[in-house]
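The structure under discussion is supplied below as structure tokens; questions concerning it will follow.
Residue numbering begins at 1 within each chain, and the chains themselves are lettered A, B and C in the order written.
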Amino acid sequence: MANWTWFHRLGSPKWFYEKSGRWLRWLVPLTVLVLITGLVWGLAIAPPDAKQGHSVRIFYIHVPSAMLSLAAFYLMASAGAVGLIWRMKLAFVAMKCSAPIGAALTALALITGSIWGKPTWGTYWEWDAKLTSMLILFFLYLGVMALQEAYSDKQAGAKASAVLALVGTVNIPIIYKAADWWNTLHQPATFKFTEESSIDPSLAWPFWIMIVGFYGFFAVVLFLRMRNEILYSERRTQWVRALVKGE
Amino acid sequence: MSGGFTTILRRDLLLAMRRRGELANPLVFFLIVLTLVPLAVSPSPEQLAKIAPGIIWIMALLATLLSIDGLFQSDYRDGSLEQMIISPQPLWLIVLAKVLAHWLVTGLPLTLLSPLLGIMLSLPEAGYWPMVISLLVGTAALSLIGAIGAALTVALRRGGLLLSLVVTPLYMPVLVFGAGSVQRAVDGFSPDGPLLVVGALMALSLLLAPFACSGALKISMHG
Amino acid sequence: MTSTPLLQLSDISFERDDRLLFSAVNASVAAGDILQVSGDNGSGKTTLLKVIIGTLAPQSGDCLWRGTPVHQCALEYASELLYIGHQPGIKSTLTPEENLCWLQRLSLAEKSSHTIADALGKVGLVGYEDVPCHSLSAGQQRRVALARLYLSTVKLWILDEPFTAIDRQGVTQLEQCMQQHVSEGGAVILTTHQPLSIDGVKTLHLGAGHSKGEQ
């Protein structure tokens, strides 16, 4: 039974609020450092691509945000599942707070993708398989957020959007496969969007750094949003009142 | 156990028969919107033939989406849904019966009507069988997936619009493989591959949707 | 005969939108009991009934059916329960007979000694068997739902405002029906604003005094 105490403490909003405050103290500077390193390396130091020139640099933003937007959806759905199964309040808070971040990252991936498309394809929007699945992922995020908002009972809204997120999780791999197949059915784009194998090792380092940086950024924003949400939903409790008066 | 299934299936079919006028609505929608296509695009058979597979599938999807909104709506309002939830019958079985009834009165007639639309949009001959088969199986998948959205939004006042927002992204794979199978047949390839995928998607939704729905309906009771 | 009561509510509290509707509700219902839940509008009577039938989950507390928490004996509990709510699940396009038929079959009920025609006769709807319910009056529609009581073979009846729109004669009949049920070892939980003319009714009052305290 002792094994479970940490789990239940993890579910306590107050405990999370105190802990996350301490985590943020080192997480924020670390993330800023990593992001700056990655950006400077990727945008200024790394050599331009032989075929695409400088436009390839946008990948240092595009690829990490695309990866994170997908990871955030899985994280959101897992949090929702934990909330549904163990009725843990904090899990629903995490789910609720990660949705807008994930949606914003998806939007960032779409925008950077279409900016990259202009010099490469000559248009801002090409119905490329990856971009199309990204767009549908964005719609899934919007659905989860809208459903949550629509319920007057917060708890019911959280549960309903958790179910939707789980259904979406089952669907995402199918959507990616479907988009791939669909793309080969109609004339495939002459230039594939990302070919992981074609990355030169000298370009790979700033990539990894940026990906780590984006994970850090996601965690920071998630924690900040969760802390905010906790303060609001627990505003009637003693400890929040004491906290507000004390500061 | 199957008592609940047949009871609800018979009840829902009876209810549908009592409102025969409403029954025809999705079909008429299907037909009317298709009439708009040549008016908006071009009446030239070559052009129509090119877009026919996609257009027919999109219309079938929209017709299902419009009608699925009412799947649990009236049962929620008059308390029937509450009776179903508290009954000793498994809720997923009841959901399955309701979805089957929905498919029998929308998906199946849409499928039967589709060859007529194929003629109107000058669909090439090779496309007819894949179209009928993909719609027959695909609309069942659409009903099942749509039921999840209907269950999630049943308690909301303006659920209809939200339902389409929630469900449409989930419909994407069925649409791609459904319309794709017809397209492939028209292009002179074998449509078997995508047809099998449509079947697999239907099987997967058959497996998961009833449980997701019954969970969602219980949550909706709190809304 | 003093075994465990049929239904026990222990320390039930319910919160909606951060507002405590009721807290620490305790009650026990044994075979032969009629429990009247009373309270002002908005005091949570209907909510309490929904907690009892299990469609709403309480923030804390338990419902025990014959001593076992209801979520552990859900199927057994469900098959001994009859609930008639504000919206009793009567489809307006179906006839009274069809409505009772599907509701009866859904509840997996054992064959009662009454037929549907008998039950409709008891609630004064002879001659309306084939009329769609939307052309019945509000009181008559209510009676269609209440006809389920005469068909019921289950132990526990949960009735939310059963007397709404029912005329005085109907109320008397309904009271007799409930008395008959409890005398056969059943139990009834109901909400109503009307005073009941039955002896030995237990009451449970919801309302004032259940304000939310500090956590």
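Operating definition for what follows: a contact is a pair of C-beta atoms (placed from the backbone, for glycine too) under 8 Å apart; a residue touches a chain by one contact, two chains touch by 3 or more.
Treat the numbers as computed from the prediction; the structure is a model and nothing was measured.
Visitor: Counting only chain pairs that touch, give me the topology of the graph as line, ring, star, complete or other.
Guide: complete
Visitor: Closest chain to the overall C-alpha centroid, by per-chain C-alpha centroid: which is it?
Guide: B
Visitor: Decide which interface, B-C or A-C, involves more C-beta pairs in contact, and give its chain pair.
Guide: B-C
Visitor: Taking each chain's centre as its mean C-alpha position, how far apart are chain A and chain B in Å?
Guide: That gives a centre separation of 32 Å.
Visitor: Roughly how many whole angstrom separate the Cα centroids of chain A and chain C?
Guide: 48
Visitor: Quick one: chain B and chain C, Cα centre-to-centre, how many Å?
Guide: Inter-chain centre distance comes to 37 Å.
Visitor: Do you know which chain A residues sit against two or more other chains?
Guide: 152-153
Visitor: Which residue numbers or ranges of chain B touch two or more of the other chains?
Guide: 222
Visitor: Going by the contact rule at the top, pick out the chain B residues touching chain A in the complex.
Guide: Against chain A, the touching part of chain B is residues 148, 152-153, 155-156, 158-159, 162, 165-166, 168-170, 172-173, 176-177, 180, 183-184, 194, 201, 204, 208, 212, 215-216, 219-220, 222-223.
Visitor: Which bits of chain A are touching chain B when the two form their complex?
Guide: 84, 136, 139-140, 142-143, 146-147, 150-153, 155-157, 159-160, 163-164, 166-168, 170-171, 174-175, 177-179, 181-182, 185
Visitor: Of all residues in chain A, which touch chain C in the complex?
Guide: Per the stated touch rule, the residues are 152-154, 236-238.
Visitor: Under the touch definition given earlier, write down the residues of chain C that touch chain A in their complex.
Guide: Against chain A, the touching part of chain C is residues 16-18, 212, 214-215.
Visitor: Would you pull the chain B residues touching chain C in the complex into a rising list?
Guide: For chain B paired with chain C, touching residues are 3-4, 7-8, 10-11, 14-15, 18-19, 74-75, 77-89, 218, 221-222.
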